[in-house]
Amino acid sequence: MIIVMEAGASPAALDHVVRHVERLGLRPHVIVGTERTVVAVVGDERGAASSGLETLPGVASVLPILAPYKVASREVRAEPTVVQARSLVVGGGRVGVIAGPCSVESRDQIVETARAVRDAGATGLRGGAFKPRTSPYSFQGLKERGLELLAEAREATGLAIVTEVVAPEDVALVGRYADVLQVGARNMQNYRLLEAVGRTRLPVLLKRGPAATVEELLLAAEYILDGGNHAVMLCERGIRTFESHTRFTLPLATVPWLQARTHLPVVVDPSHGTGHAALVEPMAAASVAAGADGLIVEVHPDPAKAASDGAQTLDVAGFRRMMEVCRRVAAAVGREIG
Amino acid sequence: MIIVMEAGASPAALDHVVRHVERLGLRPHVIVGTERTVVAVVGDERGAASSGLETLPGVASVLPILAPYKVASREVRAEPTVVQARSLVVGGGRVGVIAGPCSVESRDQIVETARAVRDAGATGLRGGAFKPRTSPYSFQGLKERGLELLAEAREATGLAIVTEVVAPEDVALVGRYADVLQVGARNMQNYRLLEAVGRTRLPVLLKRGPAATVEELLLAAEYILDGGNHAVMLCERGIRTFESHTRFTLPLATVPWLQARTHLPVVVDPSHGTGHAALVEPMAAASVAAGADGLIVEVHPDPAKAASDGAQTLDVAGFRRMMEVCRRVAAAVGREIG
Amino acid sequence: MIIVMEAGASPAALDHVVRHVERLGLRPHVIVGTERTVVAVVGDERGAASSGLETLPGVASVLPILAPYKVASREVRAEPTVVQARSLVVGGGRVGVIAGPCSVESRDQIVETARAVRDAGATGLRGGAFKPRTSPYSFQGLKERGLELLAEAREATGLAIVTEVVAPEDVALVGRYADVLQVGARNMQNYRLLEAVGRTRLPVLLKRGPAATVEELLLAAEYILDGGNHAVMLCERGIRTFESHTRFTLPLATVPWLQARTHLPVVVDPSHGTGHAALVEPMAAASVAAGADGLIVEVHPDPAKAASDGAQTLDVAGFRRMMEVCRRVAAAVGREIG
Amino acid sequence: MIIVMEAGASPAALDHVVRHVERLGLRPHVIVGTERTVVAVVGDERGAASSGLETLPGVASVLPILAPYKVASREVRAEPTVVQARSLVVGGGRVGVIAGPCSVESRDQIVETARAVRDAGATGLRGGAFKPRTSPYSFQGLKERGLELLAEAREATGLAIVTEVVAPEDVALVGRYADVLQVGARNMQNYRLLEAVGRTRLPVLLKRGPAATVEELLLAAEYILDGGNHAVMLCERGIRTFESHTRFTLPLATVPWLQARTHLPVVVDPSHGTGHAALVEPMAAASVAAGADGLIVEVHPDPAKAASDGAQTLDVAGFRRMMEVCRRVAAAVGREIG
């Protein structure tokens, strides 16, 4: 880290900082500038022990140098991680597509959707059984019955099941039905849940929280990797900004930025990322062009009657059109869809 | 809700919308404007069943009218809720002050801090035993040993213990030691946890998530209230914005806005809200001036050596100065500190 | 507009609102709901005269219905506007590409760059002569000398010149050299400047301000259109959010959202939108996939020596690679580059 | 500045960086860490010449050390600047209060308001004659006639006139009537305007742009200071964030943060900062408690009929109550209002 001293910091203050750094087991290098003195600190600065340095007299600011994540880093593993679950392949030049309704509502709904999205080229089926909802008065999902219906849909189509798990105590139950465990945006920093899915060997789709920095997303992934589960997909699904014409702001530069720093594949969710069905196809195409390793998209046979998230849900015809465009764009950037 | 039709929407599209609204059990009123037609919908629009209306042909947008929260609302309960735990009183003209270290580190540290903050006027003691940390490589707290030390500090000082619970399965354990359960910002939408603390009868301090709207904060409170636990304090601790000179942006207008809409008391955390010790005193004073019902502040005998959050932590002398200023400001706005 | 009354609003308060609306020359429709009463107001609500309605007793909130922009709207003109300047064509299925250095530095630099970007497929040349700089201590541009050099580069290549004008009093001067007047992000709400470029008949590239909503961008365009200049290109160049790994956050959903509501073409700036050369190619490709009508990209023969914005500037080889990818992606979405 | 090299950067890359730094006239210090090598650069790094360093092979990132502003800095002038205009005093323990309508509408309106706010303790009168409006269809102000009416109000009350100037060519005209020139938020980076007001010797109230960082605000002030005009007041009026229950988010931590770094006084605008009349009093009180050197507040005899900004405007009784509370809070923090 770099410790920047105040303009008029006394020699005693500098000395105090130097000794404090040494006590942390790190090596300080003092560099006297024309206007400021800085102390460059050598050694592993990660961990909280240095967080109080800013409060020492004469210290103006403390700048970290090392990225705080390790195992997720390209420096630890150079080749890209490819995540597989049945026919779903995400990464390594293959763009996996996970599609399906926001919520599992009935056998007919989920099996019909599964067949339709598979026929259009999807290789994963999404569908919520345990639904985290902003309001306690909203539909909370069919729970285990929903998982059973997802399993039936897999039976009927061969698609890999991607479904959310919202609490550590549900991991075993959901894991009996799911091919991929989804950790939702609201739970990105639910560390107990991250540890629980890290103890499984099921692939995990980890969604970025709407206020999370990309570093925080990678650190959340570290909790899972640290448990020995290396099949982690990162998912960009939009952040909270001042924009109100879309549900969230979907920042696709996340995709190449992450891919340069981590070996984990990056999936994009253009449904939550925009909140409007009309914006899903162009943003799905844009995601593929930006290099996304996967897409997760909400599809329902009749979006106007969906139990949740109808406004951002494609119907089957819309999903088919989206897939056609994405297939051509994938080819244009040297990748393959599905 | 109000359904705004597109400028050129056909009579058939309008008719379709009207029938869809009726099927939801709501009553539509069609109003033909000079440029747009709108459908005003009468009835309880809460719940997800209407979320698909936006996808109907000819619909431009759907505007909700009713606030989505109920039990937290002033319309349900006009008089302010006062939360009490031992000598800590929050609301009703009393500004409760909860102070203490970010993490419990040792018996000496926590008991010494407890004595110092009590002597300066605090009536609650904060201290983390279970620490949710952004990085898996950071100090994770002393866990149950930390709770025991908090209990010793209570024994020594009489202060009410405010400490975070991070998972539903810990609620019973933490509840044996704590006087107030804190739900942290990262867990504001951990619904399983909200339900679990809602089943206790311990007061809850619910922190606003850094990307949460005030409506979402109130809806999170509804999960707790819905369980029958009405002793909920809302806590503003800053939101994520483009500002980087502070750790978060602390929007104090939240305080009077919430107080006009909810009977629940509103606490402010100027430590996390700013991230810098030098900004804590002015923002604590500003919070009291804005009408805050409580403060929660990080204090440590030697911030430079704190295991976490040192940069935003006051030392004991700084906390004493803060209390003096806040006491005068509280009197200026007709309130009483402590 | 829709006026939402408070839950307990008195009949007198409602009556007062109704009469106030009538005095504004608008027609009120009162709808008594189960929990709230709303007043739907018919008539042209644009203009400020209604801004005080919110302060009337018993009024909870006021929701606008009509989009505040008119001339920019698809409702006024259904077919897309195509902007042309020499060989630069933006809109109508053609994706125009404007490339060049942040600042004009010398004859060699600008002519060399112009030739290189033209050979790679660009049809417009960007280059700053009047530079608005955050710091008064930064390079402020070559001013009129820069314009002369741009004209020489046009002479040498036939490219259309796109350059920024920063003040009304410069419009005549810059207009003598430029083929397209650029209004920068900092000046998006410099109304005097918008009016001045609106009085010319030169095409205008209007950049979105980093805190501007899309409605505000369209209203800024209205100032230009209102002057009789209809050759306006809107430019998304990123917004200010909490993200710090990119210079701005580039929200590509702006492209299809705007295209559904306005006939004006939409250009994307992946250089300012990301701030990092390594992110420009993927985001340029993503922009084209999202349907952008144009790109504006910073290119310099030696970015490390650029007088400004070097970090986000492509070198010539990088621009060539970008163009190859974008050409394939454009074809994939049924468009043509250049 | 600190140049952080990539983990695997070659010795040749490091050498290239070192030579590049030397060519910029700066001195590089290479520090080889356990995981990364950094180059600490000594010398005045301000200016754009270093912006291309990031593009050199092997460079991971470049961190600035020096604050980019100079003349505004406490390091250049330690004692606080006090700005005076007639009876208005801002800074040095005096909290100046500027009050009045958003727009000047008529002689009666402005003179009546002036008398009322003076009687309540204001020492400055605000009122817009040239109004920058988001929409070209909104009321644009009375222009010079508005300035004349402001002068009449000054005649009648002795209050200092604070009014906005929106273009360099208006500075002479507005300067003939105004005691303080206001530069609005939309024009914070209108450098030509900043230079023009910098050439006058009238005090300037410089409002923060809604997407501007505090560093950018200080750099905008530098443009004015650089012209020799040292009577600059900085004004926090709220930033754009995801919050929609207030018009902007008003981050009061700006006040003490700025005061620690600049000698210029800091004024807060709780009217624009919140957008709702009901939030103005608590946020004005909070501003004073946070240490603000001044307030600027919208007041109108009949807010429901105001030509602009009615929703955030206090009536006279409301302003009087606000002043009473602020007077007590000012005393509590050792300051004096008015």
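Letters A, B, C and D name the chains as they come in the text, with residue numbers starting at 1 for each one.
Here, a residue touches a chain if its C-beta (ideal position, glycine included) is under 8 Å from a C-beta of that chain, and two chains touch if they have at least 3 such contacts.
The shown structure was predicted, so the numbers you read here are calculated from the model rather than taken from an experiment.
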Any chain that touches subunit B and subunit A: C, D
Interchain contact steps from subunit A to subunit D (minimum; 1 if touching): 1
Selected pair, greater C-beta contact count between C-D and B-C: C-D
Of all other chains, the one whose Cα centre sits farthest from subunit D: A
Inter-chain centre distance, subunit A versus subunit C - centres from mean C-alpha coordinates, in Å: 30
Computed distance of Cα centres, subunit C from subunit B, in Å: 38
Subunit C-subunit D separation of Cα centroids, rounded to whole Å: 25
Subunit C: positions in contact with at least two other chains: 211, 239-242, 244, 276
In the complex, subunit C residues that touch subunit B: 2, 4, 7-8, 29, 31-36, 38, 40, 42-44, 63, 65-66, 75, 240-242, 244
Complex contact set, residues of subunit D against subunit B: 211, 213-215, 239, 241-246, 249-253, 255-257, 260, 273-274, 276, 278-279, 282-283, 285-291, 325, 328-329, 331-333
Residues of subunit A touching subunit B in the complex: 20, 46-49, 51-56, 62, 68-70, 132-139, 166-169, 186-187, 189-192, 209-211, 216, 219, 222-223, 226, 239-240, 276-277, 303-311, 313
